[in-house]
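These notes concern the structure reproduced below.
A, B, C, D and E are the chain letters, set down in written order, and residue numbers restart from 1 in every chain.
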Amino acid sequence: MHPLSDSPISRDGKTLILAMDHGLEHGPSDFEAVPETLDPETAFEIGTHPAVTAVAVQKGIAEQYYPSYEDDVNLLAKLNGTSNLWMGEPYSPKNCTVEYAIEELNADAVGYTVYSGSNHEPRMYEDFREIQETAHRNDLPVVMWSYPRGQGLKNDTKPEVIAYAARIALELGADVAKVKYPGSQEAMEWAVRAAGGTRVVMSGGSKVSDLEFLRSVEAVMNAGGTGLAVGRNVWQREDPTRLLDALEKVIYEGETADAAIEE
Amino acid sequence: MHPLSDSPISRDGKTLILAMDHGLEHGPSDFEAVPETLDPETAFEIGTHPAVTAVAVQKGIAEQYYPSYEDDVNLLAKLNGTSNLWMGEPYSPKNCTVEYAIEELNADAVGYTVYSGSNHEPRMYEDFREIQETAHRNDLPVVMWSYPRGQGLKNDTKPEVIAYAARIALELGADVAKVKYPGSQEAMEWAVRAAGGTRVVMSGGSKVSDLEFLRSVEAVMNAGGTGLAVGRNVWQREDPTRLLDALEKVIYEGETADAAIEE
Amino acid sequence: MHPLSDSPISRDGKTLILAMDHGLEHGPSDFEAVPETLDPETAFEIGTHPAVTAVAVQKGIAEQYYPSYEDDVNLLAKLNGTSNLWMGEPYSPKNCTVEYAIEELNADAVGYTVYSGSNHEPRMYEDFREIQETAHRNDLPVVMWSYPRGQGLKNDTKPEVIAYAARIALELGADVAKVKYPGSQEAMEWAVRAAGGTRVVMSGGSKVSDLEFLRSVEAVMNAGGTGLAVGRNVWQREDPTRLLDALEKVIYEGETADAAIEE
Amino acid sequence: MHPLSDSPISRDGKTLILAMDHGLEHGPSDFEAVPETLDPETAFEIGTHPAVTAVAVQKGIAEQYYPSYEDDVNLLAKLNGTSNLWMGEPYSPKNCTVEYAIEELNADAVGYTVYSGSNHEPRMYEDFREIQETAHRNDLPVVMWSYPRGQGLKNDTKPEVIAYAARIALELGADVAKVKYPGSQEAMEWAVRAAGGTRVVMSGGSKVSDLEFLRSVEAVMNAGGTGLAVGRNVWQREDPTRLLDALEKVIYEGETADAAIEE
Amino acid sequence: MHPLSDSPISRDGKTLILAMDHGLEHGPSDFEAVPETLDPETAFEIGTHPAVTAVAVQKGIAEQYYPSYEDDVNLLAKLNGTSNLWMGEPYSPKNCTVEYAIEELNADAVGYTVYSGSNHEPRMYEDFREIQETAHRNDLPVVMWSYPRGQGLKNDTKPEVIAYAARIALELGADVAKVKYPGSQEAMEWAVRAAGGTRVVMSGGSKVSDLEFLRSVEAVMNAGGTGLAVGRNVWQREDPTRLLDALEKVIYEGETADAAIEE
């Protein structure tokens, strides 16, 4: 059985990851739209919604807040991360070891960002290798944030880049590839096929309208994707529950975006 | 219970750290105003004042002087540090391991400087990870000197930078964030909220008038801050005790700066 | 006895390695000619052909697909690899340790790319040393993808470069040198002599006509080569079995290319 | 008791280190004035003079020559060093581990050069940390050759630089700071005060007249210094014994330079 | 007793090392003059001549060919090496650990190239330290190929450079210094004196006439040298035995070059 399906961060073979590492990656300004979301407890509160199969946060937030939510929420420990204050070829340092995530954070899965295309790609692959081997030897699923980025390739969402990102996750041994939406269901199908047995989840990205967002999720599911990793598109809304209810229908019950949102 | 509150470097959940690593960071000239403070014993002598919950020094000073003060002073071992003699993107090397701080220095807590925004940010985050994990596995609180600094961001105290600095300390797993004063109580409130369960202490900075200094401390406490880490503003004064008495009132007894100084 | 001959990845002292790491090295576009080959299972399906003595894939593909083929296919775990998305002097990071290949992947042999001539040559030699020593201490044959590449030497297939590539594999302790075809049987003979007791296999390269390809294989065998490592020249064809049948005759039965293809 | 006083390399709390690592640092030309000093045995022969409390040499010389002198001479193993053949920001690599110095060389103390102010300062501080911690855990005194050097600061002997150098040795945990002579007794006093409990010895430097040299030593002792580390000023003389006799009087018996040389 | 004299790679305190790592360092073209020497067995065949006290080869050649010659030839495992295909400041990576040389190759001694004067000198000194300490802890003699090289100093054979090279070998703990011929017996004497107890052998260099070569060897022996490390000057000749017979007389029997060659 696939490590993801066999793990608590999956529901009927599907997954919805709520990510909240924006305080590190983007800074506190990301939370200004809904100021109370600056409270890290927000992630775990939203994470109790039945549609959410895992909450992805950095070590420090897990360490302080997860103990109160261990019965209700699954933890995906995001092991690397960086601020947006510096410049240079993309790289994301390891802020938490797998051993610490298991023993001290009680993590159910681990996540790691890899910037293929960066001049630091070799170093990131070697960092990832260590993470991947330790996690698998401990029966923990590994989610790769697979984001090709670097000189001449910044933020690229072309179909061949996203398919490549998904394939890299497979070849390097990730169980789940978190990739950006390549713009169409057809392009997503290519990525899903390229990923082989590695499950593909769409990365939520910056906030768009409810319907637009749900339609891209529907396309991902139709393309054979496994689900979604979402952040701002949930917690930057005044009422996250309403969107999570709709996501639950699209991801787990196979409803269309239009039907799910109208209810 | 929060690691800080549970530790000897806290008093009623508040903390006043006396820092004296200026001999390494700035050189002996920093002590010229009050020449006898060049004697490293000064830090521990001042540290016996009941307002002080911890003395922060480098390894060598701890090794030679702390044994005589272990009954009266709590030691916050500052684990990294650098001279001001070189140039280049900010980085601060590790001069002491956590194991050495525990076993040979008898430290009650450890401190580490992180320059987010430097091109060496990734290396510093990885250094910090090792410190943080070893300290927490040994039940030692970790204080992050969280100082964004680097190309295009030198010595920045803008509200969003200080709030970001506080958030980084939280996300990377520090128990206490030592940040510069962002100029207003409102800005400090943002930093305190961004830090979540991580306690925020104001970094004292260069010497200002008694009243001006105490008012900024009062603002920090009103903003929900946990206290202060102070150096030159105490030991560059002829009579440190008078200021410490006033600080004690502002930090632990909730007096205003004006009331505390007038007594 | 030579480690290769003694290993499962050899048949009558000859070897035919089917390589399928193009998803990582070149991206999914490499599979567009025959879209169903994007399915990683392709490598193992083709690998069941009796002509194939080993299938060379990256860790992730081995981890997910090899368990179903362990009885029928020998695994050559390719331990390093990189995407083609970045620029700079060639380097290929280690994505899998020898220990993991043995214990978790059940590998019969390991492979490693070395770009002599790159400014990163020293780092690659040191990486290779660790691989080689661990593999030999565990009685695992080591195949070096020996590809001189770098400033002023990109993709060079001159006879002296290929002979040098083969010699480097010998001197650094590889059991098998995988080198590009140097253009003639005579040049290949030089490479085979330079490699001493290290076996030489030709690297298949980009797709050419059946006959042209088989003639180069025939020249390699006549030159004293041990066989072939092939990828696109097999799985980019509509009917890989037909070519594998012919390769079997040329490599193991000593037939000429013309005779083998006409049958 | 201070680690130095407690160690064999001290006599009445004072110390005179004879350094002979010039063959590595400067090359054999340094010995041309008195050619027979090229013989490494010279260092140990001179080291038998009762004024000398330790001989500082590199690993290879200790390994070959010290066994014959272990009863008569104390060994200060100089653990790092570099040739003067290359250019670039100053750095001095570790040529000997503390463990090897203890177990194989039978060292009584260890020495390490740190170039604060170099762009490689962070790396040297981290190297020094490892040395310092291992030495202290094994009860071995550590002497820091504390030489600020680098872009815009080469060979600087300004009072504030020397005081800074002495302070750095204290803060990083050295037992003895070896610093250049800052030009006056007053400046040396500053350095001695800045060093706190770390003992300060003057670095001999290039050869000057007997009286000039002895007067600087006298000034160092009057300033509260602990002694001297000397090389060329002893062994580049035709009759080292005469100068050592005078040094003995100045360092251990409190005589003036003029009185000591006239006898 | 000196580690060299005590070791199998010495005969009457003298040594003649046959080096054959040119396939890695220069490429197969080096063997074109006498094509059959491309066969790595050549080194060991020549090594059975009684004048030869050790054969120096890279790991891979030792691993494949030395098992058949262990009774007749002593192995000097050359632990680092690099191709001539890349550019940049000289550096030579470690291709074999001392442990592997002892346990898997059955080596009698180890050799290591150090390029003092390169910008990578510090890294090479640190690499050498590890080699040297492990070898000596296992009672294995260490030969340093001591070749100052780098910006502004390429291939320098000036007397002071060669004397410096010999001294560096001593100070860093080598038992034998392999240095280039400095052009005269007097210059070689300086190098021998600078090396102290470290034995000095001349590096053979590119091919010259028999007599010219033997005269330089005679000068080395007269200068107090310990012998010779030779490669191309032996195996690039049609009849290596004739030259080895003459070398035996010059090195072990004290004959002049002219007398030795005329017999």
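Keep in mind that, in the parts below, a contact is a pair of C-beta atoms (placed from the backbone, for glycine too) under 8 Å apart; a residue touches a chain by one contact, two chains touch by 3 or more.
The shown structure was predicted, so the numbers you read here are calculated from the model rather than taken from an experiment.
Colleague: Give the fewest steps needed to get from chain D to chain E, where each step moves from one chain to a chain it touches.
Modeller: The fewest steps needed to get from chain D to chain E is 1.
Colleague: Using CA atoms for the superposition, what rotation angle relates chain C to chain E, in steps of 5 degrees?
Modeller: It is a rotation of 70 degrees, to the nearest 5.
Colleague: Using mean CA coordinates as chain centres, what's the gap between chain A and chain D in Å?
Modeller: One centre to the other, that is 57 Å.
Colleague: Can you give the whole-Å distance between the Cα centres of chain B and chain D?
Modeller: 35
Colleague: Which residues belonging to chain A are in contact with no fewer than two other chains?
Modeller: Residues of chain A touching two or more partner chains: there are none.
Colleague: Beginning with chain A and moving on to chain B, name the chains as they sit around the ring.
Modeller: A, B, D, E, C
Colleague: In their complex, what parts of chain E are in touch with chain C?
Modeller: 21, 23-24, 27-29, 38-41, 57-61, 63-65, 81-83, 85-88, 91-97, 100, 104
Colleague: In the complex formed with chain E, which residues of chain C make contact?
Modeller: 116-119, 121-123, 125-126, 128-129, 132-133, 136-137, 148, 150-151, 153, 160-161, 163-164, 167-174, 190, 193-194, 196-198
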